[in-house]
Each structure stands twice: as C-alpha cells, then as structure tokens.
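Labels run A, B, C and D following the written order; every chain starts at residue 1.
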C-alpha cells in the first residue's frame, strides 16, 4: 500500500483513534480480513484532506475488541457488520444489533470466515447466554 | 313522475360513465404533458372492472360497510343535483359520504391508513368552509339555494362571482386529489403514505371508492357549470378550461404538507371569498 | 410557482418521447452486445468460454462436442466473445425477447477433423435441418 | 396522538430500494429512526473466493447497477496498482468519459426520484426522459445500457472511432440544452423550494465527523471529492469540486444539479484532449496480484473505497467494498428526527440511498 500503516494493539486502539480525531481525521471505514483459523486483521482507514492513514489491528477471534463508535458515531454500521460476518464481538457499541443487522436470528454466524463456521446450535450454548448478559443495555430497545 | 325517474337514472349512469371518461381524458392529457403516449381513454374502466372481478378481502366488516355508504352518499348527492335540489342539502350528503370514507380508513389498524384518514379530515376541514361560502355567494346573488333558481338566473354567475370561482377551484383541486393537495391519498400510490386513506381498501371495495370518486368529480364539475348556466357552449368551455387548468396545476406543482394547505387554503380562500361577498353586498 | 409551465406546454406540441414498445422498436445501435450465439461449425470446443464466463452460464463437453448455454444466466458482458480463439461466438444486436419458459441452448457439433463432415446430428430428437440451435422447454437448469 | 411506530419499507413505493426504517412518530413528527439492512444482501465480497480476479470485474459491476463503470474502474485501478500495470493514456481518458456519463445518468435518475419524493411527477418524467439519451450513448459506445462492462485490468475494451465521438458530443449538447430548460423548475420553483429548503440540515462539522461523503458532504460546505486525487485522467482536466454551504436537502439538490452540468463539461474537455493510441495494455505473463491496496474513486453518490488483498493466486484473498451510501446512513439517522412524516422521503432520498450498494 502506498499510505502509512500503523500497527496498534487492542488496548491502545481507542486512545489512538481519539488522537486522530483531535488531529482532524475523518473515519472512512474498517476493513476486516480473516488471517487464519484464530486471527482477524482489521484495518481502520482514516482520511484528512484526501490523504489516507491506516491503523492495523490483529485481533484474535475469541477476544472482544473495544468499539470506536463512541468516538466516531459513523463506525457503528461497519462494526455491526463485522460482528455479523466475522463473529467478532465489539464492546461498547453505541447501537448494538447483536449480530442481526444483516442476518436473521436463526442464520449461521460468521458467513465470511473460511476457516471456521460456528453452527447455530453451538451458539445456543452457555457462551451465547453469557454473551447476551454482557451486552450493551441499549440492545434491549431493538 | 316519469321525468323524476329519468333524472334519477341519468344521475346514476352519468356518474360512473362521465366520471370514468373524465378520468381517462385526465390521464391522457397528463401523459401528453409529460411527453408520454399514455393509456387508452377507457383505461379507468378496465382498472375498475379488474378490481371488481377480484376476490373480496376486507380488513374488517366496518370498512366494507363504509365503502358502500360512501358510494351511496356520493351517488345520492349527484342524483339530488340532477333533480335540481337544494345546494346545501347536496353538499351535506356529499360530506356525509366523505366522512364515511374516513371512518372506514380509521377502522383499520395500519398506520398509513390512520394517518391518511387524519389528513383527509384536515382536507375536509379546509374545503368544506369554502364550499359553503360559494353556496352563500349563490344565495346572495340569486336569493335562493335551489338549483332550479340558479339555473334560471339570466346572467352568467362568473361575472359576479369571479373570486368565488377561484375558491371553488381550490376545493376542486382538493376533491380531485391533485397536486399540491394530494395529501391523504393520490392517484398513483407513490407517496410517503403509500395510498394513504385507501391503503387498506382492496379489490371490489377499492373499486367502489373509485366509482364513488367519479360521482364526486361529476358533482364538482356540475357545480362549476353553475357559473355559466346561461348557455351550453359557455358551460362546456368553462368546464374544459377549468379541467385543463386543474391538470396543468397538478403537473407544475409538488405535493405540499397539510400545514401549508390549511394556512394557504384558508388564508387565500377565505380572503377571496370575503372580498367577493362584500363586493356582492355593496353592488 | 408555475415555473414548470413552459416545459409542460412545450411537451403538448412536440413529439412524444415514448413509443408503443412491442409494436414499434427502435433500430439497435451497431455495437450492441445482445443475444449470444455460437456458430457451432467453427467451434473447436476448447472450453475457454466456460472458464472465462463470469456468470458460469456456459458448459462445454469437450469429448461429446456439446456446447450448452443457459441464456437466463448470461449477463451479456461479451467476455466469451472477446476470448473465443476460433471466433465462433458472436452477439447479435438484438436482445432476447421475454419468454415464459426457461430454456437451455444446447448445440451439438462435430469434432475438428481434416475432412469436413457436412451432416450433423441433433442431440436428441427435433433434428433441425440447419442444426442451428435447439431449445429444450423446461430443460434442467444444469448450471 | 400517542407514539406510533411506522414501518417505512422495506417495500415502500417511495423508496427505489429496500431499506427498512423503523420510524417512531408522534403526531406525524419523527422522534427516532432505526435502520435495518440485509434485505438484498448477496455476499458479493465472498464471491472473490471462487471467481478469479478477472471475473471479479463483472461481479463488482453488479454491486450497483447505476454506477457500474465506476465500481469496475476502482477495482481495476486497485489491481493495476498491485500488479504494476501502466494504463495507456487514451484508456484513461475514455475511463473519465464513461465515468462521467455514468455520473450524469445517475444524477438524472436521482433528480427524477427526488422530484417524485415530493410528488412532482411531471418533473420526474422529464429528468428520466433526458436520462434516456445518456443510456443511448452508453449503449452505442460500450454495447450495454446500464452494466456496461467496459473496464478491464490494463485499460478498456472499446475504442470509439472519431465519428462516434462526434456523435457523443452532439448528444451531450442536446442533454445540456434540455437540462437548462429544467433548471429553473428544479432550483427556483416555489413548491420545490418549500419542500426542500431547511429540510434535513447537516452542519459542516456534523457532516465531516459523521463521515458523510459525496454530495451530502459537499452540500454542507466541505470541498472534498475523490476526483481531486487525480485518478484516471482527472489530474489533467483541472477538476474543481462543486460545493454548497447550506447543508439542507435543497443544497444537496443543487450540488447534484450543478455536478451534472459540470460532468457534461468534463466529458467535453476529456474528448477534446483525447489522445490517440492503444486502449489496452496486455497483461499476459504477469503474475496474479500479490499484495494489498486501498483505492478510492468518486461515485455519483460519493467516495467509493476498495480494499484488495491478493496472495499471488488467481482468486483474491479479500475484496472489501465500502460504498458511499454505507457512509451516508449515519448522517441520515441524525437528520431524520424532528421532521414530519411527509419530509421523510425527501430527506431519505437526499442522501441518494443505494441499498444494494450498501449491502453488496
């Protein structure tokens, strides 16, 4: 890629993003790619005066990633989308569809992952129940 | 007695036939104004026949009842007009029909239908006072509410009531469901309320409301003829010009909202009526 | 308020923009990518079109020399025509007319031999003299 | 009146495409709008796993019918960048010509739909009548009307001859004349202004922070247009973005109308400077793309972003498409509350929603 890419860790992510916002950057979007069976690669694209800047986060599928939607409201749709398609959890989403933005309740999760496809009945297990408990309170509304 | 029977029959036939033809002409003229070829003249009849042939499906029985009441009231109003009855009575019967249409829409739970019904009530609220003022104008000029007396009046009414004719034009635009007043429902179901008031009417009952609408169109055009009742040619020319202008206005304006309609129709309509009435009174 | 009026009045007098479509059809432009045809006599059954087609609407049976196309899956992109080495594929300038039945175009060709055999057999039944194309109504959507 | 929830869509006659908005209304006034997507989701990004990188051109064209050339252009530019393919100058100019033709037809389509959203049917018909001419130009020069399939990796597939170019110029003159006839109505008519001025206001600050793109962003006074980066031949055509400052539906309407005229101008300039020569670089023998890139172009609806990643195989590892409508939905959610139900179509259409794009 021609532009500058900066690697970030999950802990430092929100801080870095907030810094970029102060500098006057605009969130373009997030791109998620599956690297292997347990890792995802998330690129955060930012733009200022037609120049791009990227943050790269390598996220394990099992762990949740802090949401940047409290900083950039515009991130809510794309984070929900990644949640739908890659099964990654984002913590602290301003509007959390809980994986139903695109998919129906009964649909298989993670349709965009090549390496693993969690089946529907697996989702019903205790892990899913735990997921539901720790969800954002806003989620009840939708 | 036979004369009365013939007149009643005339009214009952003229409503659907003339109304449908006017509607067909309207569609052709609109198409030409938009540089299209448009449908054949008889298309409205084809549409209605197709609707009548459909399986009746009702949201609830009330709605079906209301559709029958609406067409009954609309046809009675037109028959009364053919019988040269009292203008006030005619408008009263017509208003009853309009209200039944609203009640039918309110009886369903669809939000589109509900909001459409509310808007229709607001429309009735805007045009009914204007119609009453037009009738008052006739009374001040001729001294009677009877149609026989108005038709017998020797001078064309338009020369004495020009502003009231414009006011009637507003009412006509609302009644014909044309832009900028096609708020509660419009002819092509392409607005934010889908088909608004008529969303939940379907099949034969939608056909009934359409035929009822034709009766009302003929009635309103009949009221327009009162403004040049002295000669047939005058009547025809007046009707043609009025309807052409209606279609033209429909094609050069966008749909407005009901707040604008209330303020504009009442503001301009009432002012024009008052000016005309005062002028009549002075003269 | 009535700024649209001149346009409206003008439309009343100038020619209409629409036409009575199925009755009156405009002349197609010269380079239009319309319906896809295979000149089966020139086809060498190499299978390039099958590989290149983005909508995978073409199947080529190299051994039996059968060229099959699902015209309903074709997206008229013309990639097969561009890449055909034998130039046997071509597109007419007319579009396929609407139909109520699903059809699969299946053409039987001859393997390329030194001596040109003139007679070709249809795949099954309905042997058309020209052997141009055969439509199986309600054929199995093989794609 | 108590609170009512109105299901606006997914099948609604005013909306050309299926987006579902749950509108909570109180007395016809919107309190809250919640979108729901997924009605036309086709998973085209995943198709990259089974279609090779040449076939993906036809796939990405189908992300959105209205801006197919520009999708293919963005994709091809990305692949060309990874593979290091140089595009011949004539092809770059032709790409500009077809992109701008597509922008015109998309804007004309939108102008018509926008007129329809406030119930101005005859204006709708007029814009679509003019648009038909652009479709004819597309059909005559590329072979297809909407999804024209003219871009390939390394150039373009059609090379119009001088006579065809002259014909295009004549047709474009006709389009410009017709548009000027409609300008007065679209921008000055009392009823049109009444329905659009002050509706759906988005301040400069809001538009920038919510990530709005395209005419929504430029209607709020931010002069940002991906064409300024000078991709294809835009760098040589002295491109200037069209900007309005009011940030309401009327401003966006005006931006799109002026952009349509600007596009006509750009086509003229591109044709005027059209160089001779080849239109396609042969890429036989070059290895399939290996590496990643982000490419941005300007669609009629706004900035389009492609993230492409390949690992030297025939199929790409990842094709990520961020369409402009996707970026414009958060601003829409901010714009809707406070308006009346009758303004919902106007405000919604003012972002030019392309839901098939959004859901890919």
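Keep this in mind: a contact is a pair of C-beta atoms (placed from the backbone, for glycine too) under 8 Å apart; a residue touches a chain by one contact, two chains touch by 3 or more.
Model, not experiment: these values are computed from the prediction.
When chain centres are set by their Cα atoms, the one at the greatest distance from chain C is B. Chain geometry summary: the mean Cα position of chain C and that of chain D are 30 Å apart.
Annotation: 45 Å between the Cα-based centres of chain A and chain C. In terms of their C-alpha centroids, the spacing between chain A and chain B amounts to 57 Å. Each chain gets one centre point, the mean of its Cα atoms, and the points for chain A and chain D are 26 Å apart.
Those residues of chain C in touch with two or more other chains are numbered 1, 3-4, 8, 17.
Touching two or more other chains at once are residues 33-36, 251-253 of chain B. Under the contact definition stated at the top, the residues of chain D that touch 2 or more other chains are 120, 122-123, 126, 129, 189, 191.
Shown are all chain pairs that touch, namely A-D, B-C, B-D, C-D.
Here chain C touches chain D in the complex through residues 1, 3-4, 6-8, 17, 29-33, 52-55, 75-79, 82, 91, going by the rule given at the top. The touching residues of chain A, when paired with chain D in their complex, are 1-3, 21, 26-29, 31-34, 43, 45, 49-50, 52, 54, 72-74, 76-78, 95, 101-104, 111-112, 114, 142.
Residue ranges of chain C in contact with chain B, taken from their complex: 1-5, 8, 11-12, 14, 16-20.
Listing the residues of chain D that touch chain A in their complex gives 34, 36-38, 41, 43, 45-46, 49, 81, 208-211, 224, 226, 228-229, 291-294, 296, 303, 305, 307, 309, 317-318, 320, 322, 326-327, 329-330, 334, 359. If you check the complex, the residues on chain D that touch chain B are 4-8, 12-14, 28, 115-116, 118-123, 125-126, 129, 189, 191-192, 194-195, 340-345.
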